[in-house]
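Chain nomenclature is as follows: A, B, C, D, E and F, assigned in order of appearance, with residue numbering initiated at 1 for each chain independently.
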Amino acid sequence: MSYQQHSFEHQRITEEPFYLPTGDEITVGLAAAANQLPLLLKGPTGCGKTRFMRYLAWRLQRPLITVSCHDDLSTADLVGRYLIRGNDTVWLDGPLTTAVRIGGICYLDEIVEARKDTTVVIHPLADDRRELPLEKRGELITAPAGFMLAVSYNPGYQSVLKDLKPSTRQRFVSLSFRYPAAAQESHIVAAEAGIDKALAGRLVRLGELTRGLKESGLPEGASTRLLIQAGQLIVSGIEVRTACMVGIVESLTDDPDLLEALREMVSAVF
Amino acid sequence: MSYQQHSFEHQRITEEPFYLPTGDEITVGLAAAANQLPLLLKGPTGCGKTRFMRYLAWRLQRPLITVSCHDDLSTADLVGRYLIRGNDTVWLDGPLTTAVRIGGICYLDEIVEARKDTTVVIHPLADDRRELPLEKRGELITAPAGFMLAVSYNPGYQSVLKDLKPSTRQRFVSLSFRYPAAAQESHIVAAEAGIDKALAGRLVRLGELTRGLKESGLPEGASTRLLIQAGQLIVSGIEVRTACMVGIVESLTDDPDLLEALREMVSAVF
Amino acid sequence: MSYQQHSFEHQRITEEPFYLPTGDEITVGLAAAANQLPLLLKGPTGCGKTRFMRYLAWRLQRPLITVSCHDDLSTADLVGRYLIRGNDTVWLDGPLTTAVRIGGICYLDEIVEARKDTTVVIHPLADDRRELPLEKRGELITAPAGFMLAVSYNPGYQSVLKDLKPSTRQRFVSLSFRYPAAAQESHIVAAEAGIDKALAGRLVRLGELTRGLKESGLPEGASTRLLIQAGQLIVSGIEVRTACMVGIVESLTDDPDLLEALREMVSAVF
Amino acid sequence: MSYQQHSFEHQRITEEPFYLPTGDEITVGLAAAANQLPLLLKGPTGCGKTRFMRYLAWRLQRPLITVSCHDDLSTADLVGRYLIRGNDTVWLDGPLTTAVRIGGICYLDEIVEARKDTTVVIHPLADDRRELPLEKRGELITAPAGFMLAVSYNPGYQSVLKDLKPSTRQRFVSLSFRYPAAAQESHIVAAEAGIDKALAGRLVRLGELTRGLKESGLPEGASTRLLIQAGQLIVSGIEVRTACMVGIVESLTDDPDLLEALREMVSAVF
Amino acid sequence: MSYQQHSFEHQRITEEPFYLPTGDEITVGLAAAANQLPLLLKGPTGCGKTRFMRYLAWRLQRPLITVSCHDDLSTADLVGRYLIRGNDTVWLDGPLTTAVRIGGICYLDEIVEARKDTTVVIHPLADDRRELPLEKRGELITAPAGFMLAVSYNPGYQSVLKDLKPSTRQRFVSLSFRYPAAAQESHIVAAEAGIDKALAGRLVRLGELTRGLKESGLPEGASTRLLIQAGQLIVSGIEVRTACMVGIVESLTDDPDLLEALREMVSAVF
Amino acid sequence: MSYQQHSFEHQRITEEPFYLPTGDEITVGLAAAANQLPLLLKGPTGCGKTRFMRYLAWRLQRPLITVSCHDDLSTADLVGRYLIRGNDTVWLDGPLTTAVRIGGICYLDEIVEARKDTTVVIHPLADDRRELPLEKRGELITAPAGFMLAVSYNPGYQSVLKDLKPSTRQRFVSLSFRYPAAAQESHIVAAEAGIDKALAGRLVRLGELTRGLKESGLPEGASTRLLIQAGQLIVSGIEVRTACMVGIVESLTDDPDLLEALREMVSAVF
């Protein structure tokens, strides 16, 4: 049995990512890091949570390891497991263990999707013990000062069954994210899609209209990401309204009534 | 432990497939490929989604790897797994990993049927990171420019339980497919079944009638594929109405009332 | 790792099976085979679906491999799996793969009982691709001309949960089976049980009466198989009414009221 | 890989078991065996189904292999599985396969408790094919003439979820068992417990009274087995009413009202 | 493959355990043992069922093996399993098999908690066959005369889902246990906790009051064990009412209203 | 096969932890230890249960092993399992077994989250037997005098499905924890966050207000831990109200109405 260094390619972010703050989130994030407190990011799809984590990792000059959570993500997927190699058994650290060992940032995206055991495994890491028990190795790792835990979820479409328990939530400093203000979002869309400010502004206007449809049953309005995507299609020569339909509208819903309402919004804006 | 090149027979499509466009789908598909954006194809059974992907792969001159999704399709089925070979352990890339490595197109058919973890594993591939983490190998692959992700589903019979999450949907350029127009569908049926235009036209008329039964409880009307199949049976000498019954009607439903209504439609057309 | 030829004893049917057609099913079955189209057989228990497949296999002179589907039948059960043999790993083809390799007929009996993944694995075999991907071997087999896929189910007692999806159904030529007409069924019962026509006729009359009890809550009436069985018991010296009770009635239900109604039917016929 | 003969101790019943027939069941059982038809035994707990199978096995001079079915009984438990032995893999026949190979009787007790796949695996054995496919060995065994399949269940407390499908039921000759008539039951109880006829008669009277409580919510009345047990306790010196309470009443229910009613029955009889 | 003697430390009880009978249970238990009949013990938590089994084992001078049943207890946990040891496979007997081999008493505590398959595996041991089939070894063990099977459960909080089937219950001699009478319970509490009779009497009075709260929603009143525990805390210097609160009341419920009612009972008694 | 000493890093607490008792809990804990009785700690999130266990371990000078329970925690996770190492199989003690072997304290945090089998495995450890059966090793360990078992849970948000069974509860001495009194909590918050008494007092006032929102649907009010966290952020330069929002309010809920109510509480206090 031997130990095998984990070679997961954690991201060392070497260039400053483009990030426009919408509030105190950078100051709070840095203060949480300074106090070795974990972060919980809340907010809708594509509003900048992942982008914020990349910016924070750059500011802190720490490697960032992102894990997309899902129904079948188990403790072993996070912590590590034994693998058989020929006649030998080797231990392979999981991404969370790697982050703890190297003093990096572990970002668990959509934490509520994971199995409950994964949320419990982070408990001793998320209070002042800052410990990770590797029960299968009989080892207890204490996180170095540089380690940071961050988790995210979208409160907009959580079910009761997939809520964080109070005993989990109450271990985190919590940042609530919203879509950027119109001027700021136009700036982002123009820069990322390579279009002019006027077109970007109209796409943002369309985005805001879609976000007003929540009461009509649309689970979520268009993310900034979709607006950028529509802009890119336009640059590639797709007609504006077609670009809005395939790049934004059809990606939002299959409901005929909502599709019709969205189509009218496209016509109203363009 | 050794690495073993995956030999999955991805299709290199060498001859132009027969495909009649019904809208802007080819232009949009090429623009999505140019911008390295993933594609989501929506539409009813047998309306040409798979055929479109074959055409697009031919146009882009890229290999196409198709995966039919189902309830038990796991991340390992897509990404790969370790296998024991004698005294050695070898890694076998899954179809998604193969597509990423060779810069091909990976087409996940009926994505909503897959387990939720499979939809999450495509998230980092479907945004601007274009990365595939092979957690069990501790490896992170960045997709080459040629790689394209495409997924499909049928919004007609999705349940609430099997819907795509907004955080998944909002990563895609979305194309909505419908049955071709009558003249076009007749052209296809005649060509594929080897029958004359008049007979093909009547089969298409029958197909259209069946598609109107959705309100009466028929989950889906006859696909173009069924119309072609009936035509083939007629060419083989089966009497026209029998061919319509066994080739179309009995493949649509078991409900006695619907069967009776469909039988009358056959009598009305032939 | 080595490849091991699968030695599953597929049936080569050397003598013409006794089969009385009730409609066009033979012509349609041969036309489907000629056009390389898959077959879907619908109908109640014991009405001759399996017998028809044996006849068709004899007519086509192809080996027949039958798989009885059930809740736990997985893709690996159909397609094959790796097995460890001493220090070696060998691949064992499943019955579906064997059928594809040898160009035989694979008949999936009661397909709706199988897990959903098994219905998806037959999709690429059931359209014009006629391909079987062996994902674990990284191999894609194209079916030879002789291969035929056939599936069956009983629409009489399907639940909504166990219905075939339209995307599955619409790949098949569909034959609907019913119980044979009285004269024909008498002929079969007399021949198979070795009894005279008059007794066979009375058993068939009893069978028809039981099939009328569906509205009273009997899930299915007596199959031809049960009528033959009662006949066999009579030949073995069991008193006629006792033979009808143990050979037919008690095999249909445990419900006291239905048992009483069936007992009266026996008395009325004998 | 080697083949290892299964050494399961099937019972060869060398002495005639004590069995009092209550109807035609012996004649029917022998006729079913003569016609190679499988048997289905229905009836309440402890009414003699297992005893009948032992008698029949003795009459037919065939080994009897009994399998008590339960929720987790899988196909492999019946058919067999590969086991790793040192560096070798050996196949171990399950009890059903053993019965087929040696031409014995396989008796699946409480078949409805088993998983659905186990009921399907017996289908080809229970019709005129009389075949057992060992899919994992790629082998198909045809049952010799001596092989007989028998299954049992208790229709008294089946749920809808645990009912036999018509396609399973309609493969069997079905025998319905009831408690023996009073005189006969007294004879059995006296013989088995070693008590006099008068005491046995009173125990049987008590048993009959308990069987009348079904309408009051008692799932099942006292089996002959319980009456014998109470008799044995009396022989061992336990006071009669105490023996009835601990040997019969407390084994029937925990419901206070039913316990009170049963206690009064004991007082009424003794 | 080798056979490895199981070294489970079954208890040989060398000193007479302290046990005060509350009825005929000892005579009945000995009679059951003499007739090789299995025992079923019913009664509330901590009323002496386990203690009775220890006493009976001492009286019979047989080793006692106790298994606490739970949701995940499988047949293999009871019967045994193959384990890989280096290059060899050894069989390890489970506790039930050990008890059968050595002719001891196997006591399955809270049998209804176990998976259904475990209740079926005891069926052939619990009737006059007294056999244990080790299906994975292809072996059938007949229990020696000394073997005794005993099971227990608490009818007070069983759900319908976790009830013993009649076919299981009707194999046992059934003993119903209740809390001991007040004088007797005081005697036990005083002896075990090392307190005087007066204090013990007041604790027993408190226990009886709590047992009257069942109608008010308390699932079970205080067991004798809790009364002893409170006595022990008092001996250790904890104030009487505090000892009753932490040793009895808070261990019974979390319901505020019930806690208040229990607190008043404590005040009333002390 | 060899035995491998478990090297789990159990905590030996060498410095007196900061702990302010809120009642008799220390005396009771020491008395329970003296009588070898197990402890059950009840109370809301972050009220000091874990801290109390650390203090008690320090007072008793025993190592403390903490296990955070979750849905998938199995008996093997607690007790130990066999692992394959090269050609050998070694046994690895789980944390519970380690605690028993070394005579330490095993603290199962949030016991009700664990699978039911884990609660049953502690039964023989939690009564006067004080035994731990290692069924897979065929070994029975008797706990040394120093061993102590402690479990905790939060009665505030238990569901009926996740309640401790009476047979489990009634094995424990039970301590009920509440939030400390205001003066005491201010003392703790000031000391831990490094802020002055006045600010700490205001944070505690805010905490108390949030705990009054339970009737309005907030599952749990702010824990002392959250108040400390907000204090730390303030020390790091975050504006007071922002620190309360990200450090307390947003960690409590996502409900817009509750968030608004909490925001007003912040404004009222600061």
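As a working rule, contacts are C-beta pairs under 8 Å (C-beta built on N, C-alpha and C of every residue); 3 or more make two chains touch, one makes a residue touch a chain.
Fair warning: this is a prediction, and the values are worked out from it, not measured in the lab.
Here the chain-to-chain distance from chain B to chain D, counted in touching steps, is 2. Residues touching across the chain D-chain E interface largely differ between the two copies, under half of the numbers being common to both.
Centres computed as Cα averages put chain C at a distance of 59 Å from chain F. Between chain A and chain C, the centres computed from C-alpha atoms are 51 Å apart. Taking each chain's centre as the mean of its C-alpha atoms, chain C lies 30 Å from chain D.
Chain C has residues 84, 87 in contact with two or more other chains. Here chain C touches chain B in the complex through residues 1, 24, 27-28, 31-32, 34-35, 37, 40, 42, 74-75, 82, 84, 87-89, 115-117, 119-121, 123-124, 127, 133, 135-136, 138-140, 155, 158, 165-167, 169-176, going by the rule given at the top. For chain A in complex with chain B, the residues that touch the partner chain are 6-9, 45-46, 66, 68-73, 77, 83-87, 92, 94-95, 109-110, 113, 154, 157, 219-220, 222-223, 225-226, 229, 232-233, 236-239, 242, 246-247, 250-252, 254.
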